[in-house]
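Listed after this line are the structures, all set down as C-alpha cells.
Presented sequentially are two complexes of subunit A, the first with subunit B as partner and the second with subunit C.
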Partner chain A sequence: LVDHDVVELNNLHRQVLHRESRLGRSKAHSAAAALKELNSAGRYVPYELVLSPTTALELVRAYDIVADCSDNVPTRYLVNDACVLAGKPLVSASALRLEGQLTVYNFQGGPCYRCLFPKPPPPETVTNCADGGVLGVVPGILGSLQALEVLKIASGMGSSVSRSMLLFDALEGRFRHIKLRPRDPKCAVCGDRPSLTTLQDYEIFCGSSATDKCRRLCLLSSEERISVEEYRKILDSQIAHVLVDVRPLVEVEICCLPKSLHVPLNKLERKDEKCLKSLYQKIHEEKQKAGGSMVFPVYVVCKLGNDSQKAVRILQELPYDELGLISIKDIKGGLMAWADKIDQEFPQY
Partner chain B sequence: MENATGKRAAPLSVQLEFGGGAELLFDGVRKHQVNLPNQPEPWNVRHLLVWIKENLLKERPELFVQGDSVRPGILVLINDADWELMGNLDYELQDQDHVVFISTLHGG
Partner chain C sequence: MGGAGPLRAIPCSDTVKVTVLYFARSAELAGLRTETISVPQQITSLQLWREIVKRHSRLADIEDQVVFAICQEYVPLGDQQFILHTGDEVAIIPPLSGG
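The block that comes next holds the complex of A and B.
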C-alpha cells in the first residue's frame, strides 16, 4: 500500500477504506488499518511515501502483482515502466464522473500502457477526480473488478482483461469489453529494442505533476484579485457591484452566492452573444442604480480561483464602449475559500 | 454508384460515440448517428476525422485532433476493437459501422 497523502473529507465517498475517524492520518496507514480490521490474518505493508523513479523499481520488484489505483498521468507511466522493467503484471483501473476503465498490462504478451499510449495526453485535456468529480460507487466497482483480476492472476487463472479493456458506463449500467492491440514491438519500454531501460522523470515527460490536487493558477497580479474577506466587507457595506459566477451550470446548481450572475467560462471563451448581452445589461442596470460616474466594480468567482482568473482576462479584453468604466477582479480561492473562511454552512464539494 | 476508379463511395451511415469526457467537446452528447455524403474516394477514418472536425466539433478542436489523427490519450474503437487492429487511419468505413472515441481516464 503506497500513498504519500493524508485522508481528507472529500476522499471518503470514493476511497472506501478510509473513514471519518482517520481524517488527517496517512492514507497508507489508514488503508492498512481498515484491511486489518476486516481480516487480521493478512499482512498489510504501508509505505508512506511518494512513488518516485528512485523508489519505484525496488518496491515493485518485491511484489508479484501490482495494482495501479493512482490518480494522475505521471504516476501511471511510472508504475507501468517499473512493472515492465521488473517483469510484473499491472492491474490498472481508473474512473471519472460516471465511467471507469480496467486493463491488465504487461501480461502474457499483452500490451503495456505505453504500447497503447506512447505519448502522454496534453495536460490541459486531463481531468482529475478532484476537479471533474466522480460518483463514489464507480471507483468502488472498478476497485472490486481490479481485485478480481489480481486474484485470478495470483491463482494462475490468467486474466480476462489482458489485451483488452473493460469499460464501465454507470449511467447506462453497461459494461463493454473491447479488444486491444498486442504488445508493440516498437514500444519504448517493452518493445524488442527498448529505448527506456531505467525510470525517467515522469512529471517532465507528462508536463503535469504527480498529484490530483488542483493546481493553483497564477495569471493575475495581486491588484487584480481580492480575498474572500475583502469580498465579505463589500457585501456587508452594500457597495454596488456585479458578481459573475463562471462555473459550469451543474456546480451553480449545487450552491452559489446570492445575486451572482451566472456566465459559464466556456461561453465567455467562445464570446457567446447571449451571455455577453446579459452581462452588459446587468452591469448597465447596476451602474444606473448606483448612479455615480465612478469606476464600477465587477468581481468574478469560481470554485477554486483558477477559472475566475481566466475569465477576468477575457472580460478585460471586451470592448470598452459596451462596458464603460469598470474594474474587473477575481476572488482568490473562489467559493471553496468562502466556505472555508467566511461561511461554514456553504457547501464544499 | 461507381467512380472513376470503379470503387463504391456511396453515402454511409455510421454511429459515432464519444466517452471518457470526449463527449464534452460535443455539447455533452455521446451518441451521434451521422450520414457521410458521397465522395470520390471511399471513406476512411482519416476522412472521418476531418468531417467530425468540420461538422460536429464546435470548439477547441486541438483537444480532439492533432495533425491528421486524434490527440494522444484518445482511444479509437471500430466495432468494439482497437483501431490499431483495423488499420488505424486507413480503415475503410462500412455502412452502419460503430466508431467510438474514448478519452482515457487517469483518476481514482
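The block that comes next holds the complex of A and C.
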C-alpha cells in the first residue's frame, strides 16, 4: 500500500477504506489498519512515501502483481514503466464522475499503457477526481473488479481484461468490453527496441504534477489576471464591467457572485451561438450604460482559477468589431479564493 | 475486424448509419454521449475519425490520446479500410486517470 498523502474529509466518499476517525493520518497506514480490521490474517505493508522514479522500481520488483489505484497521469506512466521494466502485470483501474475503466497491462502479450497512449495528454485537457468529482460508488465498483483481476492472476486463472478494456458507465448501468491492440513492437518502453530503459521524470514528461490536488494552470500572463482583492475594489468602486462565470450550471446553482453572467466553459469551447449572443448583448448593454469610449473590462471567474484562464484565451479570440475595445482578464484563484480571502460566508465546495 | 464484414463489391458511394459513442473527455468536447451519423460504407479508420472531428472540431485536441474502436475493437488511426454496416458501433475512449 503506497501513499504519501493523509486522509481528508473530501476523500471519504470514494476512498472507502478510510474513516472519519482517521482524518489527518497517513493514508497508507489508514488503509492497512482498515484491512487488518477486516481480516487480521493478511499481511498489509504500508509505505508512507511518494512513488517516485527513484523508489518505484525497487518497490515493484518486491511484489508479483501491481494494482494502479492512483489519481493522476504522471503516476500512471511511472507505474506502467516500472511494471514493464520489472516484468510485472499491472492491474489498472480509473474512474471519473460516472465512468470507470479497467485494463490489465503488460501481461501475456497484451499492451502496456504506453502502447495505447504513447503521448501524455496536454495537462489542461485532464480532469481529476478532486476537480471533476466522482460518484463515490464508481471507484468502489472499479476497485472490486480490480481486486478480482488481481486474484485471478495470482491464482493462475489469467485475466479477462488483458488486451481488453472494460468500460463501466454508471449512468446507463452498463459494462462494455473493447478489444485492445497487442503489445506494440515500437513501444518506447515495452517494444522490441525500447528507448526507455530507466525511469524518467514523469512530471516533466506529462507537464503536470503527480497529485490530484487541484492543479494550478499557468496559461495567462500576470497582466491578464487580477486578484480577488483587486476584484473587490472594482465592485466597491462600482467600475463598469461584465463578470462571466464559466462554471457548469450545477456549481452556479450552489453559489455565485451577484450580477455574474453564466457562460459555461464547455459552451464557450463549442462557440455556442446562443451563449455568445447573450455575452455580446450583456457587454453591449453594460458598455452603453457606462457611456465611455474606454477599454471595457470583462472578468472571467470559475471555481479555482484554471478554467477561467482557458475561457479568457477563447474569449480573446472572438471578434468584437461592433463592441469596440475589450479587455479580458480572469480572477486568480476563482471563487474559492474569494471565499477564503474576501467573503467568509461564501460557500466552499 | 470485429463486426465489420468481408469486402464485397459495393459502390463506394453507399452510406451507412453508425452509432458513435463518446466516453469521458470526448463526451464533454462533443457535447453529447452518443449520436448516429451517416458515413461512407467503405472508409479508412482515419477518414472515419475525420468525419467525426468535422462534426465536433474540439475532438482534434485529443486525437493522440484516444482508443478509437470500431465494433468494440481498437483500431489505429490510419489507412486500414473498413466495410461498415448500419448499426455498427464506433467508440471514442480517452483514458481516465482519476481514482
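Criterion: the second predicted complex is superposed on the first by the 224 of 349 C-alpha atoms of A that agree within 3 Å, B and C clash if a C-alpha of one lies under 4 Å from a C-alpha of the other, contacts with A are read in each partner's own complex, and residues count from 1 in each chain.
By our rule, a residue touches a chain if its C-beta (ideal position, glycine included) is under 8 Å from a C-beta of that chain, and two chains touch if they have at least 3 such contacts.
The shown structure was predicted, so the numbers you read here are calculated from the model rather than taken from an experiment.
Once the two complexes are laid over each other on the shared chain, residue contacts for A:K179 go to subunit B and to subunit C alike.
When the two structures are aligned on the shared chain, A:V2 is found in touch with neither subunit B nor subunit C. Comparing which residues of subunit A touch subunit B with which touch subunit C, the overlap comprises 69-73, 76, 93-96, 99-101, 116-122, 125-129, 132, 134, 139, 142, 165, 167, 169, 176-181, 212, 266, 269-270. Contacts from subunit B toward subunit A in the complex involve residues 19-21, 59, 62-63, 71-75, 77, 80-82, 84-85, 102-108.
Remark: subunit A residues 69-73, 76, 93-97, 99-101, 116-122, 124-129, 132, 134, 139, 142, 165, 167, 169, 176-181, 212, 266, 269-270 touch subunit B in the complex. Of all residues in subunit A, those touching subunit C in their complex are 68-73, 76, 93-96, 99-101, 116-122, 125-129, 132, 134, 139, 142, 165, 167, 169, 176-181, 212, 266, 269-270.
Looking at the complex, you find that subunit C touches subunit A at residues 2, 23-25, 28-29, 31, 58, 61-62, 64-65, 67, 69, 72-74, 76, 91, 93-99.
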